[in-house]
Amino acid sequence: MPKVQLVGATGYGGLGMLELILAHPHFEISGLVARDVRPGRKISDIYPHLVGRCDLEITTVDEVNIGDDADIVVFSTPDGVSQQYARNLYDKKIRFIDYSGDFRFESQVDYASYTQKHPSIRDSIHQTEDLLSAAAYGVSELNQSAISNANIVGNPGCFAIGIILGLAPLFKQNLVAEQIASVDGLTGSSGAGKKPAPLQHFSHLNDNVVPYRVMSHQHTVEAEIALGRLGNGSRATVDFIPHLLGTTRGILNTMHINLDKTLTRENLLSIFGEFYGNKEFVRVLETAPTLKDTVSSNYCDISGFISDDGRRAVIVTSIDNLMKGQSGSALQNMNIMFGYKETTGLERGPLYP
Amino acid sequence: MPKVQLVGATGYGGLGMLELILAHPHFEISGLVARDVRPGRKISDIYPHLVGRCDLEITTVDEVNIGDDADIVVFSTPDGVSQQYARNLYDKKIRFIDYSGDFRFESQVDYASYTQKHPSIRDSIHQTEDLLSAAAYGVSELNQSAISNANIVGNPGCFAIGIILGLAPLFKQNLVAEQIASVDGLTGSSGAGKKPAPLQHFSHLNDNVVPYRVMSHQHTVEAEIALGRLGNGSRATVDFIPHLLGTTRGILNTMHINLDKTLTRENLLSIFGEFYGNKEFVRVLETAPTLKDTVSSNYCDISGFISDDGRRAVIVTSIDNLMKGQSGSALQNMNIMFGYKETTGLERGPLYP
Amino acid sequence: MPKVQLVGATGYGGLGMLELILAHPHFEISGLVARDVRPGRKISDIYPHLVGRCDLEITTVDEVNIGDDADIVVFSTPDGVSQQYARNLYDKKIRFIDYSGDFRFESQVDYASYTQKHPSIRDSIHQTEDLLSAAAYGVSELNQSAISNANIVGNPGCFAIGIILGLAPLFKQNLVAEQIASVDGLTGSSGAGKKPAPLQHFSHLNDNVVPYRVMSHQHTVEAEIALGRLGNGSRATVDFIPHLLGTTRGILNTMHINLDKTLTRENLLSIFGEFYGNKEFVRVLETAPTLKDTVSSNYCDISGFISDDGRRAVIVTSIDNLMKGQSGSALQNMNIMFGYKETTGLERGPLYP
Amino acid sequence: MPKVQLVGATGYGGLGMLELILAHPHFEISGLVARDVRPGRKISDIYPHLVGRCDLEITTVDEVNIGDDADIVVFSTPDGVSQQYARNLYDKKIRFIDYSGDFRFESQVDYASYTQKHPSIRDSIHQTEDLLSAAAYGVSELNQSAISNANIVGNPGCFAIGIILGLAPLFKQNLVAEQIASVDGLTGSSGAGKKPAPLQHFSHLNDNVVPYRVMSHQHTVEAEIALGRLGNGSRATVDFIPHLLGTTRGILNTMHINLDKTLTRENLLSIFGEFYGNKEFVRVLETAPTLKDTVSSNYCDISGFISDDGRRAVIVTSIDNLMKGQSGSALQNMNIMFGYKETTGLERGPLYP
């Protein structure tokens, strides 16, 4: 069984991957690595719901070499971390997948445009620029072939994947006027991670909706680049407004575009149906997807609507931000990389009600 | 003190007006009227939080004449109800304000276009068509003069008022390309009223986002008509997608438009600042409004943003759907009708946290 | 593979069992049966999150014979339903498990005391009184042997199982003074099922806590009987106050007892540890269980505390009301009845965060 | 108009008092004081919902003398702060009210027993021990006379006041067996204040119930002392288990006692009715109070129930923890201290739905 070393094991991203691996028939955990953890601390000390399910000790970054005893390393870490280990892992032919923006971009130019929108990245120069072209961008449904051949996968941003999956069929057919999309993203709090912060303080967020970083969120960049390449080649424009909601899990994106030719709703849904025909995790629906219908699963639910005059479309996608928006996609990518069935270990369904 | 007869007193709309009147120095309740209420039933039997605050008995529609002992009648009732009493009240010069769509339109043509989008109105012919032109559309900030002179006020729809207040300054200046706006509305559950229903069932709605009636909500009609008249005269187009959220109060509208000339953010905010300069209930903000910052108050908070190329704008408005979106606006209109200061009885602020 | 006929398939209880069976290696669904369902209706029409996972058609009670093509029938139905089919199934040696109170009691006397507390049972005479003694009460951890031999299992009430598992070790050792316990139960909304009702109306329940049926909930009866039998034989007394919370899943019971001899906390936890030593679904914790740490799983988490003078104990239990409190226990019982490992198909963990 | 200096103005406690004073006809704010605030910072910078309602600048503790330009100082500060200023204010005959435990106790002995349960007080010796006896404990309904004569008022703890008001009538009549009560307290998150922390992190608390500090919460001490003095004089015993809920406001206490003589429910309710006959903020109800029926108001709602054998009682109280549990009680006490009607400025009702 391939061994997985999990770096950044104590955050929500690490937790999500850990729980998926525990239930996966073909992968096993060889190590949980984190910073700032007291010696002897078990993952179930941090997450009591794991008691009796996983009581592994966490090792600190200082105690272990990244890549030792691992067939694949999963970095559930902030931007800038996997760059530091990339050369060594690549040279040793140890595959890795990264949750941050470090390996989502093909070139230094694209990476730099990303860092400019990022609220905390100081250095816009990538440390291992030459490895960018060796990495695959991990939208499993679009890049399956590249992912299967890559030793490095940049897992997509949680907002980006829902936008890309929702608009890809229309960009592919060059239906989006001026390649401009207006997107309102509604997200649960868990995308911001485990660390307490004013925006995620319960008394503030409960019963609230908080638009933030209006038209300046860094996930926009990867969506604009990915969609543009599917379309006419030039970068798309996405006016993206994230809204933080008083719920824990899920991202629902509502997306508005002008069409370059008129469509009926039947046209629209059949475009989606054909594009995603054999993709098990994309469900094209007659009705608008709801947030809760994907939570806890790896589905991306999609539906679309057309204005009365046939000139504008509205696309809605729903995902669990910690699954299809993070660890679920990562495991799907790992399945592709190791030649397993894409859905292996991802059978868990939505939790309703 | 002018006497208020409240029809439809047992719903959330009636409750909201009742509580405002109880705290108002110049109005008093002369009667609470409802259908299907057992004899002797007090309003505090239905709403226990009113115990000791208001223990008035409710009278049924059969026991009382609408308009008796009243200087103004407030209809917090479904579409079609106030039409039945309108002629009689009008002839007796008893003013009334209606929460439904019955008197929001100037003409039978407009009313008919509304009824076509309405999920439950059967008859598109207004019963008192000639009175439509006698009614004022109750967006206090835009129609103050008409409201002050009207004996009939059609209180605006909860979604419509947030859309209209957010876009009015831009339509007024003919800045909106093709007069088309794309609007994502996020609403709490209370707009659907007190009656249990599958969409508002707690286990379904909690932690959920449910887009519904995509580009087919009836409130769109009044927004399109009102905005169009502020603009070039022809009806505007609003692609409106309401999203039901797992929260009780509040509506946040995020609105996307293409601009007919490029603007900076400073331009945009100054347009809003000038338009609403002396309006106490509209707050133009530097940061995006949040939902909770208006809840329980009569404010409409607004901010706007401009795309990097200056060609597109995003406007966000936040209101309490039961206040500025319903009873708060109604009382503001009543203050205007009776010559009181607009803010009287509406001093209650947002409830935070 | 044994075939499962699911009666009452469209409620939350039926849904829960359906999803568990779909993931179970040894059972298969042979039919979904419900009342009041339109012809041709699929379960995924009612629950869109099932699209692509289970699109089975539902048959109405009129179209099918209960027990046909089934090795076991699961009644996820209101009180009084399984009684009507019990004789026929029993005579045909078709096993069944019932979610209501129909087969939780050994005798007509006990059943009658239950019906007196039940808000909607009219007839206190059981229709198949002689079959009561043939049924096992389905608390898997306490009655494993009886369940494995029974053809009828009465699945416990969601409140009852958390109370019983939390107090059983203390009653077993006759430590509970006068056999009296004071219990505050906190429950999510899903226990009330799918049907909209005023108590479960979102605008009412959100951010609310609603104590209801104070010391008169019918689940108390089975807890009092079960605990009494573990103790000195006479029926226990449970002062039970259910509190409805603004959350969907989970029941947390906080239970207060006077002790017949002084204990330390170490004593208490070791009593629990020994009692549940090999039971995989009961986790005895050092810290107080939280609600969310069991949600989506079949765990019952327990901890206990002792007053400074050693004379009183506080026990806290947490379960997912739809899993250990309903379908999870039911499947655990089915595993026992068919000789499978108790945990088969119940590996799904808590969903956190 | 008496001037109020508000120390600790930027926390939820300070915010609550500020908003009440803004609406009060007889008090005015003379200064907002806080620690760690940048120069020129307005209170509406910290709380945007105040924009246009209160844009006062905050002064730091270093810039101003506590007590200057004030007829009363309100300390909405942690334990230990008001002690530092108490002597100086007392000597200058400037009244003050404190939200912490600093002046809730009559004697050093009582204070020390409180500090032992407190999670963060290091020094169990009060700095101005001699002033303890000069202070009144601010449960307005019980100590009106003492409060009206005191220059120092120790505002009660949010859990304590709900417990004390719920049990006072029974202790007063010596009905509580052994003076022992078992109390489950359910609280919203806002009692923990504005500072982000793991327990109040949205992703953790949403949909959760977290019992904490089981039988070791410091508020227990003041309840035990206050109730004991109403009863036989010896300190009562309260087994108190706080439960943190996924809601923002409100505390509901469910309390179990054994009775020293049998009572009917009629007896019980009439004991409460007589005890609180003329107290406007205590509502004795026939049905169990709900959390939301008091939120935003200064009410304490109470009801009680009796076991079938008449030997045990269950009392339920509901308050808004930031109103009756904090700033509402404080203002009520200030009204008493300055001879105003107790309810002045506290007319705001519950916010429902």
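The letters A, B, C and D name the chains in turn, as written, and every chain counts its residues from 1.
Keep this in mind: contacts are C-beta pairs under 8 Å (C-beta built on N, C-alpha and C of every residue); 3 or more make two chains touch, one makes a residue touch a chain.
This is a predicted model, so every value here is computed, not measured.
Peer 1: Suppose chain centres are the mean of their C-alpha atoms. Which chain sits farthest from chain B?
Peer 2: C
Peer 1: Between copies chain A and chain C, are the contact residues mostly the same numbers or mostly different, with half as the line?
Peer 2: Same, since most residue numbers here occur in both copies.
Peer 1: What is the distance, in whole Å, between the centres of chain C and chain D, each centre taken as the mean of its C-alpha atoms?
Peer 2: Going by mean C-alpha positions, chain C sits 39 Å from chain D.
Peer 1: Taking each chain's centre as its mean C-alpha position, how far apart are chain B and chain D in Å?
Peer 2: The answer is 38 Å.
Peer 1: Suppose each chain is reduced to the average of its Cα coordinates; what separation in Å results between chain B and chain C?
Peer 2: 46
Peer 1: What are the residue numbers in chain B that touch two or more other chains?
Peer 2: 12, 188, 190, 194, 203, 206-207, 246-249, 290, 292, 353
Peer 1: Quick one: which bits of chain D touch chain A in the complex? Just the residue numbers, please.
Peer 2: 12, 188-190, 192, 194-198, 200-203, 205-207, 246-248
Peer 1: Where on chain A does chain C make contact in their complex?
Peer 2: Those in contact with chain C are residues 12, 15, 19, 22-23, 47-53, 190, 194, 206-207, 248-249, 280, 283, 285, 287, 290, 292-294, 296-297, 347-353.
Peer 1: For chain B, which residues count as touching chain A in their complex?
Peer 2: Interface residues on the chain B side: 180, 182, 184, 186, 188, 203-204, 206-212, 214-215, 237, 239, 241, 243, 245-250, 252, 254, 256, 288-292, 295, 305, 307-308, 312, 314, 316, 318, 353.
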